[in-house]
């Protein structure tokens, strides 16, 4: 009963972000405007062990609303710049050829970001192969949407590595939809890393990783969390309720739990920084409040899965969001790869 | 910040089901098999006041999984039969002409059930108008997808009533995506009623109702809840957690909150019927447990809206579900309207 | 056997262009660049009788390739300007409300220009109805895709007129795919007229016309020929063969019918202006050459229809062309209707 | 100017049919009903040289209308049976694994047959890899849509051969849209061969062939001609005009070229078998009539290309035809490959 949509199901990669609290000197935050912020984390070899994440660069562009026209242009510029930086850091030259992979399932809107973005990518490799005169400032770029294992019967890893062996690109860019691990990131972050990705979790072995380690060329991954498990929605919301109740107690009458409209931005900043004592939590929510984070999540997960209601969901506006996000990502890639594209 | 997708937003009609506890003699439950059940409620004029719902028939076909091939055929048969019954009850004869309306937005997957179903409807009115020889057992049927106000600028009610006045059908069938008011109904119920619908909530006045009362002909509404507010996911899950914890206390050690896998069906039946005392609730979840249902919902709604995270979401498999649901509904309509269609 | 695709067939409106030779003082030609040209014809009441076309303005924007980026922008500017001119001529003020109709069938690529264009139209009427504060320079605009009779069972004329009566716009814009009456216009012209259109030819009576005469408000029609009958391809090609052979005879050896590559533009201008004598035609093509234009067309039409090969066809690139053409038309409409849109 | 749609253009494979007149003992014709016929040609090694086609089996299923429900089921049965026969002839056992390739461009309706058919293919290879218990009568099947070179920058041949090397299937099935070489075959034939295909003609070298010779495993190609060059429409029509005029001369008055409606089927059989003398042709169509077949085609091709009007076209109903054809082909493949599928 768990996997109700067997044949068309999509494998889920969770998001690329590092949430762990790490020392501030490894994190750079850059505020573009009220709605857009970039966080850059460089995970050193030592830090890597501590965080249990691969060493490398993790960049997150956070934004409030990609459907806002002015913000959309700004997000695009940010992504272009971050990609240019990464290319430089990885010592990729203008003559190096690129293979771009759009992972995911075109027929499933929430999982279609990769293929849809690829439709708008400027592809040029065939011009180089055909020895056509190619304009100055145009790079050798190929692209493939390998599909998902449920539809191809083939591990995505196998399709990619056999093709890489054949056409020998100098580096890879991989675009993918991801599962969010918090409610505040869904369709509101673009995540970039040079540490590679795991395109399918079906079989669950290590060789599936696509990274410099496994295929010997730089791999830049671009991901957007487009779906989230219901259990995460519940877990995150209960945390916010704790903080909300605590906030109310401090600022208002304890018994007046619901108050009028608030300035959401300020309120949000306020309650996000609240830390509750164990006693406070217990008072507010009994046994629930006494569970540590891990246990609480496990409980919610178990309850929802037992009754088969732990749906993986996506915002109902997903069609329009995929449309805008694919424009942002394809434009930023086209501009950062080809100097001739403005 | 609330309405982030202004232009393409879709109006949401909540589901048509009656949840209130009502006397058993007004409710008929019919179990088709382990996965499918039909509930029929006739709301009399007296009952109407009590329930605050319009008098009429409310039929709900509940199922576990419409993508299961055998169940899909069974659901289709159930819907066909329920539609035939309603036609008979409303005294609609084989010669009466029908206008079918597919509400919603074709470009937004979760809201596209109406238009997509209409693509598969057998339309015949033009053959009658053209005085073509029409086969025995074929009814006069027209169909329209009026779109959504965000895309047309026109109230759906106005498009429908002006057309009804022009082509004067004998009865209407309206197909629509709905917002679920509980997590267990999303994409798992087809709801039918003869009490009419409110196609748009934008302006919020009464004349928008499409029903026998307002347009003078019978209106049969067919709806499927395809989306749900995050706050409902949270609220429903917290209820299940209460019940789960209480169940655990009764059956196991109170401190061992998480237990092994359970037979979900039996467990589900068990915990759904649990009723917790106030004291139990408080012990389990502190202040949260002391709130009555209404207050708890209000609190969750307020917290999520304050931080703009009360997303309306849809299961990630929605593309495949709409595909199957539109087949079920169109086939059932085609067969129940035209005796010549097998 | 004629109508092989009965249910989904689309009604075909032929193009809006005037081909008849008319006096030069009624025709204005304006060359924008080597690839784009605008022809404006004003048909006076007297001329109307002679040409058997309704009196009014007929504007044709001809272009070589809408997928060329620079030309696309230019075509858009031309269309915007022509629409502004027509609005002024029809004395339509900035406060007048508009209803835009996208005719055709979204599910049939070659007939989808109307609905696809509408997806990109800025719709605002609901803001005015809701008494929202609307930005300066924004007009009251509504939009509807009424579908095609094969899918709705309803005459498009009936849907439109009943809606016009209800929401009382000050003028209409109608967008439609057309059938070309010559091979050189397919996807290479945008045609604009203020004389109205006939949205469906199914029943073939006069009341179907949508125009100032029938509904009492100005009607601006925008059409692009996207399909052509095979018989027209053949007929036009035979004409070009006549001219080609004649050209060859004059410029080369009569027996060397096939010559090397030519500068197509110059050659095209040359042979399009050729007029063959009856004798020349007969020598070149025997009995075929002796038929007058009308008879020849009738013969080809009859032969192809007898064997059911008179397919209505569209260029294989139609998906990409509809995409670009819908952008051009929607952008031009949005800018010409709303002064605030740049 | 020739390639107006550069980036999205699709490579065209011409159809697989053998038209040359060959000895009757190599050709088997089987009439299924009035609307469906199967032609099977076995080209021996000797015959191969004469016909300039690779030795092997060429099977053509001809039909009048795939949108006719009864005929559609019959065509599906025919294709299933022909595929079963080929599997047996190639000594492919029930345990042999298959890779199915859907060539063409999903975004271009007329070229989308391969990818759209693949959406409906039962894929099972991952179940075998995951060592899931697989039902009796289910074969190991993988599937890939490699896209087109204009969108990937990669020769389709390279994608296919590198993947074949990696996952080592026992045989291939390749599905593709084709260009018709006569007007009577467009969307009215399914062509099957075991001689392999040339997936891209862009570079034009031999190594692009996908066949037993180049990759060492059996290759079954299934193709449907969905497009045709305008010059072929003209050329074929002129032939039919010759025959029509000759027919008229024999049966009616020579000067009455156009006659009333005819029983198209009988008439078609009649005129298709007509052979005109050189004198007749000259009388009917002057110089045009004196050209041999090859010269005539060359002339038409040259005239249309000179003026850039040699469009490659597809019937306007192509969306609905691709829908039906993809159902027929996917159903027939699923049934012939898996004994458990009925």
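By written order: A, B, C and D. Residues from 1 in each chain.
Here is the rule we go by: contacts are C-beta pairs under 8 Å (C-beta built on N, C-alpha and C of every residue); 3 or more make two chains touch, one makes a residue touch a chain.
No experiment lies behind these values; they were computed from the predicted model shown.
Undergrad: So which pair out of C-D, B-C or A-B basically repeats A-D, with more than half the contacts the same?
TA: Matching pair: B-C.
Undergrad: Averaged over CA atoms, how far is the centre of subunit A from the centre of subunit C? Could you give it in whole Å?
TA: Chain centres of subunit A and subunit C, defined by C-alpha means, are spaced 46 Å apart.
Undergrad: If you average the CA atoms of subunit A and of subunit B, how many Å lie between those two points?
TA: Taking the average C-alpha coordinate of subunit A and of subunit B, the gap between them is 33 Å.
Undergrad: Could you pull out the residues of subunit B that touch at least 2 other chains?
TA: 107
Undergrad: Could you tell me which shape the graph of touching chains takes: line, ring, star, complete or other?
TA: ring
Undergrad: Could you list, by residue number, the parts of subunit C that touch subunit B in their complex?
TA: Answer in residue numbers: 7, 106-107, 118-119, 123-127, 129-130, 140-147, 149-155, 158-159, 161-163, 165-167, 202-203.
Undergrad: Would you pull the subunit B residues touching subunit A in the complex into a rising list?
TA: The touching residues are 1, 4-5, 8-10, 64-65, 67, 107-111, 183-184, 186, 227-228, 230-231, 233-234, 236-238, 240-241, 244-245, 257-259, 261-262, 264, 267-268, 271, 282-289, 291, 295, 298-300, 302-304, 306-309, 311-321.
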